[in-house]
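Two complexes come next, and they have one chain in common, chain A, joined by chain B in the first and chain C in the second.
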Partner chain A sequence: MRAGRARSVRILSGIVAAGLLAAACGGGKSGSSGNNVSAQQALIIARSMDINSLDPQRAYCDTCQIYLTAVYETLLGLDPKDNKTLVPRLATKWSSNSAQTEFTFTLNPKAKFADGKPVTSADVKFSWERLKGLAGSASYLASGIASIATPDARTVVATMTQPNSAFLAQVNASYMGVVEQSVAEAKGATTAAATDKAEKWFLANSAGSGPFTLASYKSGQEVRLKRNAAYWGTKAAFPEVVMKQTADAVTQRQQLEQGAVDIAMQLSTDVAKNMNAKNVTVRKVPSFNYVYLALSPGVKGGEALTPDVRKAIRLALDYKGLLDVTVGGAGRSQPSPIPNGFLGTDGLAPPARDVAQAKRLLAQAGVTKLSLSATYPTLNVYGVDFSTAMQKVQTDLKAVGIELKLNPVEISVWASKIGTDGIPVTALYFAPDHTDPSQYVQYFGLMPGSQWQTWTKAPARPQENQLLNQAFAAKSVNERGALYKQLAQAMMDDGVIIPLVNPDLYLAARSDIKGMHYSACCNLDLSQLSRG
Partner chain B sequence: MTATVDSTVLTPSVVNVESRSEQGSRSRRARLPAYIGLVIVVGWTVVAATVPLWSPNDPLAPVGARLLEPSRAHLLGTDALGRDVFTRVLWGTRTSLPVAFVVIVASVALGSLVGAAAGFFGGWVDAVLMRVVDITMAFPPILLAMAITASLGPGIRNALIGMVLVWWPIYARLLAAQVQSVRRRDHVESAVAIGASRWLVLRRYVLPLSYTPVLVNATMDFGQVVLLTASLSFIGLGARPPSPEWGAMITEGATNFYNWWIAAGPGVAILSVVLGFNFLGDALRDRLDVRD
Partner chain C sequence: MRRYVLRRVAIMPLLLLGIVTMVFAVTRLTPANPLVTIVGERNLGNRVVVDAAKRRWGLDRSVPVQYERYVANLTRGDLGTSFRTRQSVGRDLSDRLPATLELTLAALVFGLVSGVGLGIVAARRRDGWIDHLSRLFALVGSSMPAFWAGLLLLYVFYSRLGWLPGPGRLDPRAVTPLRRTGFYTVDSLLAGDWNTFWASVRHLAMPAFVLGWGITGIVSRLTRASLLDELGADYVRTARAMGISERRVVAGHALPNALLPTITIAGFSFAFLITGAVLVETVFSWNGVGSYAVDAARSLDYPAIMGVSLLGGIAFLLTNLLTDLTYALIDPRIRLS
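Presenting the complex of A and B:
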């Protein structure tokens, strides 16, 4: 009898659970329709957000590029038609001396911040000096600035420590946006990391001149922007833009199909495939983004990663297989840390697998049995699932006798580990900050103090620094191209950064969304978007 | 004169008189879930023990194109790396079942030790130990297991430690209550009265009469531990890639959501193991539980 009652209770519980599930599904639907209503006014973007800060001089992430471009204007913009040509933004005119050491910008007199105050040369000076002084990840963009003169309120003269032919491209990076000095300083902003206290304020407020202002930010949930009603240029079409945290590509696709969001731009090939929902447009475009393997010979556990072993690892990888496994073939293999299409990459031999040569190199290095540990973030970026990619790497390395133990960790754990002990083998991703190849040399090259020279603790190669300086000083594009090609080859020979896959980007949006372009500097320019 | 028969008098005796074959049939029906459970559990155990001898493919190596639909060549299709999902499901038993076994055995051992001490000695020993149990049980098991595993670092060994630390209080509380009830029985008090040592009394007269609920619970919990192991792996705290662990495989299935077969195989495997052990535990309870 008791058992019978227990069974009845179980059945009843099952019915209740099923009812709750149905209610939950129903709730989801009504939630979607609620979103549909708001979508008539607002643009909703589903994104897996990697925001580290909303402080314009501290932020450094893919989502930050979108945010900063929308809220903080740069002096120069990038023509969305070719992703190459610089166009006026805050500056109407710009020029440089023949030595590429002095750059002069004339600000648009109409340019004003969201509170109505004009954008002045003093604001530019403060912003760039703050970017340099805070020494964050994007500070390298301003590190070559020796001084900034402001002869009048509309003229900015930036003097470099040495010739820098990449400076105009760097100015176009979203991290070089201009913040309103008086507002920022009132909230504790300074140009020195030790005294600056404004980061918290920037999480809830903004002080830019862009077509949008920050309405609110809920960490791990959403970034809400509202149209800058006082914008001095062509006003944005959307009164509100919401970037909604949507971790995985599957959910992004489902929300887009249901009409709960307007844009999803992190779909993988497998998820984007066979997407034939009504009123949704999917476009596949080449990108400069890539996922790479990093080998750190100078850290604990990486001692065996000698130049020969690193070269053997490079030869052991099945690049075509990696492309197939990670993005279903929708992308390209990339030989050097400078992506295909950037200056200096023409004619570089594509990476190819050579197991026999890899084995020979390992034997030559006296390596008979090698076991390495790979700690990498559990990410799915640009449609590449890191776990899948690393399992493929593991299989490829096994073929040459290298055992790779995989240790996926949360990105925060990864960040803490890479910055302290270092990680012998890892994987990460990179999207360009601007259109000049120098950024890759500065970030991935083994120049003393570069990001990856620091992380890998590999012996510094000052000759890369010399080559970069020559490229900065080069008078012609051809000369610069030749020097960057040498640098690309040098970084390939370093063997600490091995690009795995350069995936295509899927731009998926409701069919009525217009103006969606992939930007090489800024990811997605929200001001270009409209509905209709 | 017509003889009348009072049906109200006759009916009960008619109902009670059930044929032997009907009784047998009812008994067989009642035992059916137990048999199903037994077959499932024994089946998976045999698979776990012998799969290296007859495995259709290498669970870690690609055997064909990626994301192939189920076919004769690949009964459950292939995953994103071109590995045979069916083979990986079979090999998954070699992680899930041993882990669950170790967790249950270790939890029963630890829980029994604490529960027996608390129940038998009573007083402050009971108060202290049961408060520890209360504190541990105040947290939802999955959350506590996650917290412990995350603090120790991801990996199946640490997940195992986390699960043991979450699971032992269940047995401690159960055994403490049983021991408390048994130790007041006459035969135990008689043993104490004639001078038997505490250890002897506990071992010979108390524990044998207290263990049934623990055994039943442990059997039913086996499936739950398999589920918890899979849950920890699903959120990245358990098995490391490329281990063919069921929870980790379901995560891969979630990434490849539109290729249903990747998650379906391990999902059904987990379902069957949980059901199997539940059926078995139910049957064991019906047969052994003193309350029934």
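Presenting the complex of A and C:
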């Protein structure tokens, strides 16, 4: 019996030792209990976070847009009321030369970083040169900058490599935010990818001039921001904002209904429609995000996708039905790869189904029986489940005699396949980084070497490049609008990119939350929010 | 015994190298592109961005060179930097391991205690209604997928009834306890914060139940069968003939012998729980190693996949060793050599 007890003691000791080992694994870092802001005062946002960095010149994701807008200010902002008008932020004045090659910004003398030091033209130069030099995902925004002059501490003159009328719109992208050079450099930041060592520091600290600063970040768990007490503009209403990782829409809704969180803005239609809590307000707003079908005539298996066949596929699709099955009708059909509401899209005819015409076109093309393979990533973005959307496409194409074999894969497998063999039929999504239509033309247009010209291997259309260059050099908004409309029509005629669904966005919040707007450049501006 | 342990420990690095080599080869042979995680699908055609990313993450080098560098770094304790979180994998794992351990230990305790308890009751009331009920409970627990059970329980007890809290280790508005062990239950106790302790226990209840349910099923059936065997043995008859009370016969004589196979199962159960935690953590937004593994696999985050595999390998090797040692301690007939 004694021996039995001794054994039990040894087993128990083992369990305790295992516990101590686990405790040792835990380390000794402090949690977030150091803050003295009551949890009720803080704004809590439930979000499926896709953060890939908090370094302002390396980050590139939807949640990053919210974070960067709150912490790092850009020279220009976007009026939340119309998502079009540029408004001052760090810059009070801005102008460009008539050739659209030189842009001059005057900084607000009141602007200062969170540590009280003034925001200078040198900080802007450093930030933009770092964005370009690190060659991160958002570096394309600064890639057209040839040089940046700083004649004085308040003036920034950016010279482009070629005319770029989109630059002012690009400047309002959250990725063009300004970092405090002296602080960043002290932590290893440089303007060259080979020497920069600051990314890890930015995961726990910030060096911006925005209304918030980074309090803490726990990967996969939360981002905690605290109000910048020394903010030079109108101070944010909330002393603390916490974005909490909440992977799925149903949980976001449940937490919102129960008051555990204040905001959820990734609700799908079916989830949002079932919302029945008294103290929650749900607003449906148009978004600029969309899901599209891409046809690649130049890749193996896509040889039959001639212009007529592509046009037939476009006519075969039931756009209203697609909206219904994917987002319960909460959205719009979109005629061109430049989304509704952007410059150049007014007056474009919405896509419509015409099965008879589609069949005629297929007959003209000599296509009697066509079998295609669609490989697409297994994603669910903006409430659109790709498999559901592609099943509907499959059904629609069957009605005109096209058999579509569906092959859903993980995004990394998709990326490998499209970058090597190519994919005849696929689906993907797009959300804007800024408010200029050029980003769509550069990505979707069949200009030589563009992303989708490369992937589809469709014959290049140099005339689209010419039109884009004209738009970049255009002096008036009307002139640019007319050129972008031509480009939108040209991309529709190319027929390699067919927008399927432009879903609405649900902004769901506790009823006492005010000032919630969807922004085309920045997703959600936390400084505009208040309770009351 | 010491020599046996030393030999087992000495062979571990070789086994771990085997695991590393195999996982490294599998991830590199998978026809998938990890750059999509690093630069995003929109930049896959941007040569400047892609080249810079390849250089930064060492993907511009040949696979043998990548392997050589990885193993060399590993010997220095460097598990690399995650493509996704941009933090060292070692730190990612140490941040998340306590969450997984807290969950799996709670599930293990629940599974073993309830399994043994049900097994004893079922054996003593053989073919009675409680035996049938425990069999049904065991059957459902071992056959229902953990993710489904998790979703179902969340819907009933959180969404509909509101009896238990929702996903996560604490409510979104709660302030996490000062980190000492990483176990919220322990840290809140150490801080004397009873409210947070109670909240963390309540948050632990559903995922631990879901994860431990399968163990309950296996352990209860095993305990029942072993105990029935023991209760029919000669020494039990002798004990009864000597007038020893039935409670002492069961608890003091038959049960210790009946628990031997259960201990073996407990060792394997830990491994089962670690793998099961992958799904349960995802369903319950539990920020542990399981959900980290899922994210790493989905995004082909090479360093994170390697780190999780290595951690899993270490856990399995240690668990097996611990099981063998425990077995020898419990049963003197077993000699380790």
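Criterion: the second predicted complex is superposed on the first by the 387 of 532 C-alpha atoms of A that agree within 3 Å, B and C clash if a C-alpha of one lies under 4 Å from a C-alpha of the other, contacts with A are read in each partner's own complex, and residues count from 1 in each chain.
Keep in mind that, in the parts below, a contact is a pair of C-beta atoms (placed from the backbone, for glycine too) under 8 Å apart; a residue touches a chain by one contact, two chains touch by 3 or more.
Since this is a predicted model, take the numbers as computed values, not measurements.
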Contacts of A:190 with chain B and chain C, given as first, second, both or neither
neither
Is A:155 touching the first partner chain B, the second partner chain C, both, or neither of them?
neither
Looking at the overlay, does A:134 come into contact with chain B only (first), chain C only (second), both, or neither?
second
Looking at the overlay, does A:470 come into contact with chain B only (first), chain C only (second), both, or neither?
neither
May I ask you to decide whether A:387 touches chain B, chain C, both, or neither, giving the answer as first, second, both or neither?
first
Per-residue contact with chain A, leading partner among chain C and chain B:
C
When the two structures are overlaid on chain A, which partner does A:271 contact: first (chain B), second (chain C), both, or neither?
first
Could you look at A:324 and tell me whether it touches chain B, chain C, both or neither (first, second, both, neither)?
first
Check: chain A residues flagged as touching chain B and also chain C 410
Chain A-facing residues of chain B, complex
60-62, 66-67, 80-82, 154, 236, 240-242, 252, 254-259, 286, 292
Please output the residues of chain C touching chain A within their complex, sorted ascending.
30-46, 48-49, 51-53, 55-56, 84-87, 92, 94-98, 101-102, 105, 158-159, 162, 166-168, 171-183, 186-187, 191, 256, 282, 285, 287, 291-292, 295, 298-300, 322, 326, 329-330
Residue set of chain A touching chain B in the complex reads 2-3, 248, 250, 270-271, 273-274, 324-325, 378, 380, 385, 387-388, 390-392, 394-395, 405-410
Under the definition above, what is the set of chain A residues touching chain C in their complex?
4, 7, 10-11, 14, 18-19, 22-23, 25-33, 35, 39-40, 42, 44, 46, 52-53, 55, 58, 60-61, 134-137, 139-140, 143, 193-194, 199-200, 203, 218-221, 242, 244-247, 251, 254-255, 258, 260-261, 410-419, 428, 430, 443, 450-451, 454-455
